[in-house]
Amino acid sequence: MDVELLAAPFNPLASLAAWQAGLRNGPAAIAAAEAHFIGRVRPVASDGAPLEALEIEHYPGMSERRIAAISQTLAHQHGVAAVLVRHRVGRIKPGEPIVVVAVAADRRGPALRCCQELLETLKHEAPFWKREWVNGCGQWVAGNTPL
Amino acid sequence: MDVELLAAPFNPLASLAAWQAGLRNGPAAIAAAEAHFIGRVRPVASDGAPLEALEIEHYPGMSERRIAAISQTLAHQHGVAAVLVRHRVGRIKPGEPIVVVAVAADRRGPALRCCQELLETLKHEAPFWKREWVNGCGQWVAGNTPL
Amino acid sequence: MTSGEVRVRLFAGLREEAGWQERSLVHQNGMTATAVWTLLNLGGTTPPATVRVAINHEFAALNTPLANGDEVAFLPPISGG
Amino acid sequence: MTSGEVRVRLFAGLREEAGWQERSLVHQNGMTATAVWTLLNLGGTTPPATVRVAINHEFAALNTPLANGDEVAFLPPISGG
């Protein structure tokens, strides 16, 4: 489980490259299937107004712990070899990456299913709260974007 | 639709980086969700023997056309903004990438579902044939690996 | 954290409505998250159904008894990823 | 491609069993992939159920009439990705 919260902008492909390099030297070296997801900030708020920034508040300590636990549980359930999670916190500009999830497995089915379920579970089970900033005003987002 | 067959080893993350750079300047610039899949050659043949190489024969002309048609149809069905496909042909060594599929969309659901369906459809509807080389002998693979 | 106390944390909209993010309360035997909510005048006698409780960084039930030194947090609806 | 002919292509295992990968046949009115299969002695009077046919790079039915200049291919079971 390679899990990290990031307070500054990051490059998802660089995170994936570093993760892949690590896998090559470990027991997941023979994982033939890799599924990735990258989420970015939309340029518009929920009400359609141009978004200045998205802010993500989290519960330090609990959020890292929850992400690690969710990753471990799902990796075990799906029988996958390795999981990567990178999640931004703080103020994020439109177009910037918020989240990267990657799963390495021996087969495409477990890799794809675990990646999707991990993403969905993070959205509902890790203590993150989004606030949309429009025209200098912040508005908490009530729930998640539809699937 | 950004589709290419490759006769030589390639770097999936470099393909993804080039694709992403192209998206930033086009109508898919605001696609907030990206799903990727990377498939690599397993180090063992179907019967468990150590694999020297996997060979992929294809039907030049038809394979490119099928992949483009499948990508376009599924992109339309799922309402996604952009699709990338890179597929190796020829002789591929264990651990080397065979296929990269990437989908950019406004929402995670279409991106993930289109990526998965595209991968599955390629496996069954594009004219590719795999041959496993073990101890200097080549054996055609009858079907696809289980999901 | 001082033993004999319970630390209380609020996040996001709850934090802003209450106007504070962290408080300490004297621990009492059998004290629950619901009791803490009421004691701190967070609104009514029990948290709304959409609010979840965490004790020491794990989700917990409203009626779990709190121990000395516990950290209890009230979490508005999560919107992650 | 010469008009008046049909080009035939085989792939993978089919190509190796037959010992050739490409042939040309004189086109005949109403000629189908099944007829081509029989004419070229590829095994029996019709391709096995697992073999698919492509005409001019598109999947096609066994009984589609071939036109002058068409390319017909017999495809063993696909194993891509």
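Chains here go by letter, A, B, C and D, matching the order in which they are written, and residues are numbered from 1 within each.
The definition used in the following text is that contacts are C-beta pairs under 8 Å (C-beta built on N, C-alpha and C of every residue); 3 or more make two chains touch, one makes a residue touch a chain.
Here the structure is a predicted model, which means the values were calculated and not measured.
Q: Chains shared as neighbours by chain A and chain D?
A: Expected: B.
Q: So what's the Cα centroid distance for chain B and chain D, whole Å?
A: Their C-alpha centroids are separated by 27 Å.
Q: Counting in whole Å, what is the centre-to-centre distance of chain C and chain D, each centre being its mean C-alpha position?
A: Averaging C-alpha atoms per chain gives centres 73 Å apart.
Q: Between chain A and chain B, what is the gap in Å from one C-alpha centre to the other?
A: That pair's centroid distance is 23 Å.
Q: Using mean C-alpha positions as chain centres, tell me how far chain B is from chain C in Å, no decimals.
A: The answer is 49 Å.
Q: By the touch rule stated above, which residues of chain D touch at least two different other chains?
A: 81
Q: Quick one: which residues in chain B touch 2 or more of the other chains?
A: Within chain B, residues 39, 119 contact more than one other chain.
Q: Mind giving me all the chain pairs that touch?
A: Listed in label order, the chain pairs in contact are A-B, A-C, B-D.
Q: Sort out for me which residues of chain A touch chain B in the complex.
A: 13, 16-17, 20, 29-43, 95, 106-109, 111-112, 115-116, 119, 145-147
Q: Which stretch or stretches of chain D touch chain B in the complex?
A: Result: residues 9, 11-13, 54, 57-58, 73, 75-81 of chain D touch chain B.
Q: Residue numbers of chain A touching chain C in their complex, please.
A: That would be residues 39, 56-57, 59, 61-62, 65-66, 87, 98-99, 119, 122-131, 140-144 of chain A.
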